[in-house]
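Consider the two complexes below, in which chain A is the common component and chain B and chain C are the respective partners.
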Partner chain A sequence: MPETSNQLLSVRNLKIEATSYPPGEPPKRITIVDGVSFDLQRGKVLGLIGESGAGKSTIGLSALAYGRGGAEITGGEVSLNGTNILALGKGGIRTIRGARVCYVAQSAAAAFNPAHRLGDQVIEASVKHGLMTREDARKRALYLFRVLGLPNPDTFGDRFPHQVSGGQLQRAMTAMALCSNPELIVFDEPTTALDVTTQIDVLAAIKHAIEETGTAALYITHDLAVVAQISDDIMVLRHGRTVEYGSVKQIIEAPTEDYTRALVNVRQEIRHEAADQSKPLLKIDNVSAQYSNGFKVLHGVSLHLCKGQTLAIVGESGSGKSTLARVVTGLLPPSDGRITFGGKPLTPALKNRPREDLRRIQLIYQMADTAMNPRQTVRDIIGRPLTFYYGLRGAAKTARVRELLEQIEMGNGFIDRYPAELSGGQKQRVAIARALAARPELILCDEPTSALDPLVAEGILKLLMKLQEEQQLSYVFITHDIAIVRAIADSVAVMHRGRLVRFGPKSLALSPPFDDYTDLLLKSVPEMEIGWLERVLRTRRMESAGN
Partner chain B sequence: MRLRDIPVTAWIGMTGIALALICAVFAPLIAPYGETDVVGAVWQEADAQFFFGLDNLGRDILSRLIYGARTTLFVALAATAISFSLGILLSFIAAVTGGLIDTVFSRFNDLMMSIPTLIFALVVLAVLPQHLIVLILVMAILDSTRVYRLGRAVALDVAVMEFVEAAKLRGEGTAWIIFREILPNTLSPLLAEFGLRFAFSILFLSTLSFLGLGIQPPTADWGGMVKENKDGIIFGISAALVPGSAIAALAVCVNLVVDWLLKRTSSLKGGRGDA
Partner chain C sequence: MSNSPGTESLPGLRFRERFPLLALVIERMILSILLLFAVSILIFGGVEALPGDFATTYLGQSATPQAVANIRAELGLDRPLVARYFEWLGGAVQGDFGTSWASRNSVSEQVGNRLGNSLFLAGFAAVIAVPLAVGLGMVSVHFRNRLPDKVINVISLAAISLPEFFIGYLLILYFAVNFGIATFPATVYAGMGIIERLQAIALPAATLVLVVLAHMMRMTRAAILSVMSSAYMETAELKGLSAWRAIVKHAAPNALAPIINVVALNLAYLVVGVVVVEVVFVYPGMGQYMVDAVTVRDMPVVQACGLIFAAVYIFLNMLADILAIVANPRLRHPR
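Our next item is the complex of A and B:
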């Protein structure tokens, strides 16, 4: 593989450790990264992929000789142009960071200082390092804004971070990294927080800018389909160790490890569409809603869901899909239209709703962390609906809690744990159990898997489908992930700017002819295929200016 | 919860508080002399007979210190406890219900806070009959305005969390939401404030005593004892420092225990527990 003359970065047997402080236990040393080695040549891109806790960000930061959150590089070598940067002193590292190696963080919104203009922030590092004069830096920033396809590049630098969109901010951050003409850029999940329709533009801009400037990059993500578009080589990581390391072609088309294969094959169709979709359990009729300040968030939405089926609502952030769920729960009473549930009209406002109706509709949140009281044990969290709706106490309650834990495929040992002592997937399972405890007919799932790693999310989806089979549950599944929709939905509703643009059975809704928005949405979803990005960009008008 | 998990500092704090409590409860049995007995010369030096010496009227400081623990502890603890209960209850109701109730409560609170505490207390205590309960209630109500401010701020943060929304969706009443969902998650800042407020209420009590509206002489209280003996400091007599040190020690002890509780409650959040 590597040609030594062209070698930029070489990592050998990297070992990174940290001290963890588990609640109620003495601190202990844990190994985050163990024996990872890779090479990167000039102008090439290496994708680091793995689930959270795989150590991918930690490895990325080691290229800047930096350990975040108490992580310490305790072994191995990181050589940049043949110099071991781990052996450098503070002054030596300073000449590298921000000058020869740059970092692009996941959340550009959090990485920019809201009180300074973008242009000043983009050129700051280059000027501070004395690499170029302020005037030259400005010229280079201007050039980069153009390369990255930012709107009005001449005046873009005069804006403040809050005046531009998320996708533009992420591109501005890339410009900041490229400004000092570095040899290596570490991209840490740069598109994860973006909508799919925005992600594709940012991805294209980053790819174009890397090629144009000839910079090498480490591209960190948990999405194999994204990394396949941009990398030359891919390293799959798990629990701080290398699972597989090879060219994109080999990883995508001929993975040798089971774990890689699972990642490549994630989210195949789990559920076949139900044939009969005529008897609605939930019927939403011409519903509009607005906030108390008069801002209208939903415009005449009509759709329905049948018993024992799944309705997927897709759309980007701000499309009103979560608002629709809030309207159904009664948190935001509709300003217009009506909702019928099980043949009877549903009281608009939450506080007037009979307890029986509350019991029949349950909600699962995106962030299980904040959806559960951190001061309650799993027993209290799952047990409360049992006491509240069914008056269960003592042994009967405990027995039912155990039964529910069984249903969500978690053992008895979890019953007295606090949420902080559970993993992300386990938390979401407990949240599902809390909803199940009420024996509901309808569960509103508000992006329950989008904060989870692909394989963990897959487990949650399978669990939801299993429960649906067993208990004839109906789901309204809100998501921005078309792959999930394909996998589990019976019917699909596509929302855009508070309006329903498409609704129908999955087979009809996701097949042509498409309206413009659905077309854009479907084409923006990265596919596990080399060259997908180029293919889509060719067929699609570049609308980067709008994002 | 095992005993050996309790840190040394918490043990020191608890010992100190226990000592003060024992003094308060068994004062007549422990104290070598009576609370108001004049047993020697004014500001007599400490010796084997009088452990801390005598005060400005020739009374035994140790005995008065022991008797003073009664009033000081009782008044300060009762006032702080009442002010917290009141402040937390009102502020949480305001935070959870919002709207008109929140506005009425908060503006009334602003009104109360706009009048200087000491002047307010002086006026009210001068009008009302001289009674311990009245004193405690006035201190508690004046102090509860500060607790209300803090309580509302922390409760607002928690009230917008999704688990509170989940409880509302379940159909839970306001009482459950306040006491079972919000209160456990706001204990850390409130406990910290409790330790601080307790020390303040001892000081406030001594201020009132000095102005003749707090504990009435000759009944001993620590703050009052500092005031009585403060003139001695000019002549190099340390009598005033003894009750002053007692106040400091008690405040430190209360805060040591509070810090430990704080650590215990914050560790549940999955944090390091040393925040």
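Our next item is the complex of A and C:
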């Protein structure tokens, strides 16, 4: 391989290990990253993509010779401009961190110090490394705030982290990384925690800033569609090993490995929309709701759902989509309007509802982890509603638990496991089994797949669809992910700031003509297509010029 | 219908929303005054309920019922409890704690002198102990689980485990008797120069420092350690900052609230809890004054000392609460 002066970062045979302490067993050495090699040229962007546990963040941090949470770099070489930074001492590595290589964390809200002003934090590394005077650093920060499109760039630095929004913090973090004029920036899922309409702005700002400053970057994400917009090359990782490594064009358009193909083709349509949507099981009529302090969170929402079908409710954080589910369950009684279920009005407050009504509506949460008692086995977790609603005990209960485990495609061997011994996807399956145990007619699913990796999430969605076919279940499926809506919904409700902005069968709701908000939402979802970001930004500019 | 519900409520609520910091601070102050009022009732009632009686103690063998009744009438003890309480409280608010039964002098005058001495000793000890404890706590975090951390921990724990009179006697034995580089007893009197005064109180101050050091040091260490695993500490490390700067500049400001609270408790202890140290070093402070007054049942002095100690405690804790609130940037700079 020709060793050109353009070569910035060269990673060879990287091996990273950590010690894990499983409960009740002797400590184990586990390998997080095994034999990974790649090169990065000046000014280029390499995307690292994979599921959680693929080792992508760990590899990114190795460019700063840093091991998070006890991870140790035990083999290989990380060369920056031909110098192996792993061989540098503590003092030597400090001169690189924050000066030549910078890091942008997934959650800027946690990564900024709440006690100091943003401006001081942005320029701190540049000043402390003696790269520029405080005055020059301030000027550069101002320039970067402008490049990144932050509001009121002149005074933005005077604010504290809690005074600005999540999207602005993520941009401020990018400014912090760019301030010292580094040769390399490691972006660790910088847009994952953001709403989709915010994500596109931050993504565009980051891309623009990278081009403007000519820095190189490692861009870590689990979303192939995002990384396709920003990278030159992509490396697909799984279980700490390289699956495929190539140019963006090759990975997106002609993947050679099955795993990459699965990532590219994730979430095709699973279910075709039901034709007859005229006989509602659940009918929500002009429902409003407010918190006890008088803050109004829902304004006159009306929609309905038919038996055996799926209603997808989409919206960003704060749109009121989860609140609507809380109103249906009775956790937050509506202040106005009525809800009918199976032709009969539903008692507003949970505590007044007959047990039969409680049984007919069940819930699945986003965090299966926190929705289960960590000190109960799978048998107890699934068995509880069997005893509560059907009075099952002993052998009859065990037999039914086994039957439910069968339905969620998990074997008998899991019956005596604790939640900590299950993977994220398995936990969500157990949560589904717990809901099924009550033999409900309606299941409210509150973002059940958004904490899961794409392929695991796909498995959960297919399971839900299979159960729907078999048991004529109805779902209210709350999500922020348009791709899921396309894949599974019969009807779609779009919510924005507590109001319903669009409702109807999927084919109608997701086709033009759109209202402004739905249009923005749909256009903000990254597509698995090179050049998508530029195209969207161009249309936006043309639209604003036309206005 | 209003667009922003919640603002149309009471004016008090609106003030709270507009000046959350000021509202919290005022709330703390009002609470402190109420608390002090409640404590004054407890002190007065408690002293009343004590067994024994000044008149019988004072008269000793010659306590005929008539003599006792005379003295009680002279001191106003025959009047109803509630009337005496409000009279006492009214005086105390204006700084008049009445007349000592034993010496017939004004209590306020005597307490004034003694309080000055006690505050001087406590202040001197605090000026050394607080920065030393916080500094050692940060050093401990820097070298956590290594030798310097362990040495600091063992020494400060040993100091807190020994009774304070024992530390006092040890210091006297070594520094005053064996080496002769310190003075004992630590008697101070009016007209003494500041240097002489400091020399006189070196040993009692050192004793107090050793007693309060461990508590503050360990709380500083624990508070900062709990912050060390935050994401922003990783950010500081990935900025290439030195470990010491990360601790001082990034961890410590976020650990302020618990540190301030434990410092206030220890400052209060320095003023209020020095009785034993004052007795050991024969130092003319409040503690010794109060002990003497208790032995002769000199109630106005006991009540005055009790109320002043309570006020110091409440004031320092209120100050700590307010500082801890002010240390929170979310309250100092609302959105």
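Criterion: the second predicted complex is superposed on the first by the 537 of 547 C-alpha atoms of A that agree within 3 Å, B and C clash if a C-alpha of one lies under 4 Å from a C-alpha of the other, contacts with A are read in each partner's own complex, and residues count from 1 in each chain.
Keep this in mind: a residue touches a chain if its C-beta (ideal position, glycine included) is under 8 Å from a C-beta of that chain, and two chains touch if they have at least 3 such contacts.
It should be emphasised that the depicted structure is a prediction, and the values quoted were computed from it without experimental measurement.
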Regarding the shared-chain residue A:Asn373, is it in contact with chain B (first), chain C (second), both, or neither?
-> first
Classify the contacts of A:Leu331 with the two partner chains as first (chain B alone), second (chain C alone), both, or neither.
-> first
Determine, under the contact definition given at the top, whether A:Phe112 touches first (chain B), second (chain C), both, or neither.
-> second
Could you say whether A:Arg384 touches chain B, chain C, both of them, or neither, answering first, second, both or neither?
-> first
Scan A:Arg538 for contacts with chain B and chain C and give back first, second, both or neither.
-> neither
After lining up the shared chain so the two structures overlap, which partner does A:Lys344 touch, if you call chain B first and chain C second: first, second, both or neither?
-> neither
Thinking of the overlay built on chain A, is A:His272 touched by chain B (first), by chain C (second), by both, or by neither?
-> neither
Common interface residues of chain A - those touching chain B in one complex and chain C in the other = none
Chain A-touching residues of chain B, taken from the complex the two chains share | 161-163, 165-166, 168-172, 180-181, 184-185, 267-274
Which chain A residues qualify as touching chain B in the complex?
-> 21, 23-24, 329-331, 350, 353, 355, 358, 362-363, 365, 367, 370-376, 384-385, 388, 418-421, 434, 438
Parts of chain A lying in touch with chain C, wherever the complex brings them together | 64, 66, 68, 93-99, 102-103, 105, 107, 110-116, 124-125, 128-129, 159-160, 162-163, 290, 293-296
Residue ranges of chain C touching chain A (in the complex, touch as defined) = 5-6, 9, 230-232, 234-242, 245, 250, 253-254, 329-330, 333, 335
